[in-house]
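Each of the next two complexes has subunit A plus one more chain, namely subunit B in the first and subunit C in the second.
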Partner chain A sequence: MFRKGNSKNHHINNNDNQETNLDSVLDSSSQLVDYLLQKCHQTSDLKILTISNLTLFFIDNQVNQSEFNLNIIRRLNNQTNYKIDDVINVISVGDIEKSSDISYALLSVLKGSVCIYTNGIQELILIKIPSNNNRSLSKPENESQVIGSQVGFNESLSTNVSLIRRSLATPDLKNEFYIIGRRTNTGVSVLYIEGLASNDLVQRMRERLSSIDIDGLLDSAELNQLINDNSLSIFPQMLLTERPDRVCHGLLNGKITVLVDGSPMAILCPLSFIEFFESKEDYNVRWPIASFVRLLRITAVFLSVFFTALYVAALTFHYEVIPQALLVPLGESRSRVPFPPLFEAILLEFIIELLREAGARLPTKVGQTMGIVGGIVIGTAAVQAGFTSNILIIIVALGALASFTTPSYTMGSLIRVIRFPILILAGFWGFYGIMFGFCFIMIHLLRLTTLGSPYMAPFYPPRFKDWVDSIVRLPFRFIYKRQALPRPADKQKYNPDEVN
Partner chain B sequence: MRKQIKNSIFILATTIILSGCAEQKVLEDIGLITTVGYDPVGKKIMSTMVVMQINPEAPQKIDVISSDALTSKGGRIEGNLKASKALQSGQLRVALYNEKLAKRGIRPYVDTLARDPSISDLTYLGIVEGSTKELLKHQYKNIPDIGQQLYNQIEQLTEKEQISNATLQSVQQSYFSEGIDPILPLIIRDGETIRVSGNAIMRNDKMVGKLTVEESFFVKLIRDEYNAGSIELTFDLKDDKGKKHTVTAVIDTIKNSSGLDLIEKNVPSFDLELKIKGRLLEVQGAIDLMNPKNVNLLEREIRKKMKEEIVDTIEYCKKRNSDVFGFGEAYRSSVRHANLTKSQWHQKYKHIQYDLKVDFSLLRTGITE
Partner chain C sequence: MHVQQKIKPNYLVNAFLVFFVVHATQIGVGLQGFQRIIYRDAHQDAWISVLIAGLGTSILVFVIIKTLELYESSDIYGIHYDVYGFFFGRLFNAIYIFYVLICFFVVLRNYIEVIQAWVFPELSLWFLSLSIILLVVYGITSGIRSMVGIAFFSVTLSLWLLVFLVYPLQYARWDQMLPMMEADILSLLKGAYNMTFTMLGFEILYVIYPYIKEKKKVQKFAQFGLLFSTIIYVALMIVAIIYFSGMQLERTIWATLSLFKIVRLPFIERFEYVAITYWMLIILPNLIFYMWSACRGIKRMFNIEETKSVWFFSAIILIAVQFIVTRTQVNMINDYFAKFAFYVVVCYPFVLYATAWLRKRVSS
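Moving on, here comes the complex of A and B:
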């Protein structure tokens, strides 16, 4: 929706219309000061400092104060007439660069650089000493795993890139930097392994990123929706993950990742439907366990989406299919409920969703209350009051539980939402309605693409060779081929004969 | 894009509005018939329906409703007049026919069950010696739900291979095949219990005779390929010292296979070969089983006894002109362009000849070996 057909200069999407050059502004320090003050609308935290023939500009809280005092101010106090190279020699900060582009310099200052102007010289020195107001590295909150690395991304782009580089110490890992957002000027990094990732896909990603014209970009989850193949679909087509190991695993398989400054989530693509139910931990545990867990997750999806619907359909239309042993308990628990099965099921599903949403929003201190409210008040009391049947409580709770097994949060919440239309279809048309809903979803899924690749691969188009690492995870000697979805340039991971 | 969305919403809305809702049959609002029995009353039929009560406060678990009408479905309509909830037969598990009705032919009453899509093909059929109404209406001391009792009883007997499989599907199959006749379990009320007393043999859809449980065992041996449960046999035996015993042995068949081959087609003659491997569960009479000679003698006598019994059973069925063994199927599969019809085969069946070979061996006589 926000994409435009033609690509434009993506380096800086700044909305200043007069192209400033050195001739007009950099002639004297007073002209530069005037320009900057006008550009920043006399903001109070733009500090201007003059030391002999040097003029220093920075934004007050964006620079690291101690570093600024120690490495810049102290070293600049003993000379009267600085030349540009003298400044560079004197200052003991590594990240230093010269630039003659005033708008680039301004952007750099906004992001935590100190800009030094030597009177009369047509070049600016930019010293990067951003204040270190980052959260320290912590455990990933939403994607925890038992065996494997316990570190998650944080909000700093440079930290996140370094976390990936630490695991992938190869010169082939390529980082392409973009700035997106007319007002936010958010830094975006695209990472991929040159020689593994398909050039077509990388080019497609470049085009999508450079055609974004949006005023603000605050999170990778927003960017994810902007570069999706189908932004109207309910299904996520790119994975949002906060795990560096998941990203590295993807990169090694020829996928592309996008990091956004200020967001602890990386975008990983292209990703097929089934890969949303995989986790990095599946490779850390032994293969029978990994395969079992994967099958469990897929069963859980079907259970979660269809179980309540089947209950409603069987009780409303198809009493024939109820097994004889279940007939009496089902009938007796239903006979006290004053509502039709559909209404009963929607009510209970709604309560569960309320509990979940309240649980996610509640402060942790009162979080325990939720368990009591959910477990005792709603569970037991609702049955005793003849509000719902206890069999339905089991079914709904099972469905809710099953939906939380999905490793991807976006996919998990989608599964919970998709239950409702299926439930309503089941309540109006029985099994026929469930089948209708299932077909509708399947048709949609089969039409979806992820970065131009088919979403339902390896099932459709059938790529049987990729099945060994999708619904199951076979031992390493059998999964030596990279999956075909991202069309990797190098198809073989390793020689299977040399792997035990 | 916007037009596409508009169109799809329009199509979805019209489908919902125009198609309306399906007919609802909410579980607790319908009377579930679990068992039905048919008795002849003059030209009419008396239908007796066991209706499940799913109200936990109800004094009884079931409600038995009888009504008479000219057809079985008419009986349900009549019965509905006496019920608090609309009667539905989708949970039907057992259908019973009075012996007298079965002698007139059960075809119309089986056909109506098979035609109803809500009725399971795995519904059990059975024939009652006496009135089904009396069997279903009786207040049994130890049976709270006669419908469930009948279903569980027939199911366990079928699974344990003590009676032939008589589901709606298999009865229909035998009925429509030219060379085999259906066989249904015979059920009788015996005081406060319900007993399966044997099997009813049919000619097409008419009941023509009864077999005891022992005779049914031999029918199963020939008719079904898989193992056929256990049997008790009594016979005389001379042991290795020449002493005479009257022995009763209980044999559990572990494996049996029957070969039925046509050898002459004008007057149909068959080679019937039974291979049975069994183990001895119990033996009454003082024989020394430690002696292998005695085991051999036992095997020989069992073989002889079985052969006698099988011949008796086949002769009985031949006399009643009911081919429950499937001789006709063997005939039809070996004679090309036979174009066999049911009546043609029944004409031929009366005169068939067969050469019976029984190969019985005891695999085990017990843990003391």
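Moving on, here comes the complex of A and C:
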């Protein structure tokens, strides 16, 4: 888990800046004990054991107790005068390594290693036996799919890396390890396929990670915002996903993924706007269905963002555009409503958002009841009380439903939020306001970049060859080229003639 | 100031995007109602006038690009310096900046006029102009690539509006096209002359040229852009001729919008409301590129960043717009502007080409 792969050069440690006379610490066991106790401020769970000429350090509860007793304590005795290699030979557990770097050893102890000091020798033995307090692998909660793998990441970095390695058994898969957070010393892994991912982008990612100087890093969602291109924008520029298959698919297309220890979400980048509406399942189902679903999602976005706004604009300013046959039922349903359309719509959107947020916070079982009670009872009652019109309820519910079709949760919540400014623009300035909002969003999207690449690709800059796998997903023989966005070193996935 | 411009590769745009830039800057407010002024002179042969105007733009663009090709990577401001020297170069640059600002002004004012006439009679002038100018400033501060992107989306996302031109065809009377070739050459040319205001926009090439990656392909894609615009103009002209009767067309100020007016779908009527507001997307590249041309001029002459000068120009335009209130004033401005633009865009490129060519000959 700790310091995996071939990445020792990239080890960043912001922990100890004032390393003084560390050389003398390893001279005798009492000096080491003093040093460690002082460094850990006499914390009560730092345990120190002495067996013969060995001194053992570990943090209580961070190491696996049964393994510790069975494979370490029991194998050492008070009679022998141990040499460093004897210890390694006797102990047959865990990931054993030697180090003379005291601060590294301390960090390792904090992460669940037992540190053994042999009196007078300038080297420490580190035995990694972390207590296994991880959640078992389970279904991805937020990104479920019908066909395809049903496993999601969990909170352990090593498990997550191994989940990816299981699918990508290639020596080219490279793992670069970083430690970020002055106080949390969180392990961060950058994974990419050497020879596929563009060196420029990997270098850019390295620079962004190295430039982070933050107090604590607890989740990849935080890191995502720290390494974004534009952190002021409402649009996510990197994907957060809990699906290993989605990550592997991205890696195979030359993208870069970042995993954070303690977070079940992987960051995938660079990712263009349209790719937030794609899901791994699109490749698992047949192409007409995949294309249909993708078009559906895009339509849903427009519906979700603009439909309520169009209703409000048409009813407030542009009665003329509604055909007579439609105007009569609209008028009837609004006849008892005392509010202007804007207020009516904002009220209803607000109720829907309340229901959604309550549903997300409440326990699953209560949440479902809540949805039914809220949706049906409040909806019916609101109409009967003359608060809102039937038709608006349909429109708002449709908009809410449509916003949930987006496979990425961050993009989905953005779509729900962005509705409100558009709604207000529509309520004040009608179609003109909506169009102003549309143009503004368009310019904003054109300004954005994802890891330095244009966010609106493949539409702008137009890469017509990539369109076959963007809003539609054509059969495999047509999508044999990798997307140009991550600038992959190897542009062709396979020979299209050999694929059915 | 250096005559040649060295643009960093990450600011360059692909040559084929010139198609969208030229087309997007050409299509603008003029399209909403150019049919009437052409019809006045050429009657049922007005579409031939449009065709002649299209041919004229093609020749003009040819000359413009030939001028630019004399210099490897320069814009009109640099060429002016090289041809006319320091003082006169600045004078001509100032005139050109004035011209593009007037272009901006006219496009903006005409669009606001349409909004006020059709959709929101009560919405104030300052609010409409401020909101559009804010979009323009936002667009310009996002850099050249994003601006070309706006032109690209402006074209691609408005193509669907063309579909609704089929709708009036069910009421078409094709015999209104007849008799063909009745107009004499002079009326045809007069009609073509009246197209100036509508056809404008391709002069953006004078400024954007250094930013294009493969300079050899510019000619081809610019001509394609012109061709596409001309096709749209001719199609709209023909639809207007066959849909409206002659008397009616002469009294219809915004014929294209009136064509949209009759579109009737199960869920929407009076389609011009949608079309007019959607037109914001169509005029956005016009405004952005005109404003940017002016800012480029300032950048080239005084080395003041575009992101700064754009605020200055925006403030000037915002104030100036408030003084043109009535429809008569707008018309007057349009007429003066059309004359001014005719000299700048139609006559001047030949002069500039000749002088630049001479300058090159003399220096070598």
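The criterion applied here is as follows: the second predicted complex is superposed on the first by the 476 of 500 C-alpha atoms of A that agree within 3 Å, B and C clash if a C-alpha of one lies under 4 Å from a C-alpha of the other, contacts with A are read in each partner's own complex, and residues count from 1 in each chain.
Please note the rule applied: a residue touches a chain if its C-beta (ideal position, glycine included) is under 8 Å from a C-beta of that chain, and two chains touch if they have at least 3 such contacts.
In this text the structure is predicted, and so the values were computed from the model without any measurement.
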Fit or clash between subunit C and subunit B when superposed on subunit A: clash
Partner chain(s) touched by A:347 [first = subunit B, second = subunit C, both, neither]: neither
Touching partner for A:434 - first (subunit B), second (subunit C), both, neither: second
First, second, both or neither for A:370, with subunit B first and subunit C second: neither
Partner chain in contact with A:93 - subunit B first, subunit C second, else both or neither: neither
Which of subunit B and subunit C A:322 touches, first, second, both or neither: both
Contacts of A:446 with subunit B and subunit C, given as first, second, both or neither: second
Which superposed partner A:331 touches (first subunit B, second subunit C, both, neither): first
Partner chain in contact with A:456 - subunit B first, subunit C second, else both or neither: second
Residues of subunit A that lie at the interface with subunit B and also at the interface with subunit C: 317-318, 320, 322, 429-430, 432
Residue ranges of subunit C in contact with subunit A within the complex: 13-14, 17, 115, 119-120, 123, 128, 131, 135, 138-139, 142-143, 145-146, 149-150, 152-153, 264-271, 273-274, 277-278, 280-281, 284
Complex contacts: residues of subunit B adjacent to subunit A: 1, 5, 16, 19, 21-28, 30, 32, 34, 52, 54-56, 61, 88, 90-91, 93, 118-120, 148, 151
Subunit A residues touching subunit B - in the complex, by the definition given at the top: 232, 314-320, 322, 324, 327-328, 330-332, 334-336, 340-341, 428-430, 432
Sites on subunit A touched by subunit C in the complex: 317-318, 320-323, 325-326, 429-432, 434-436, 438-440, 442-444, 446-447, 454, 456, 459-462
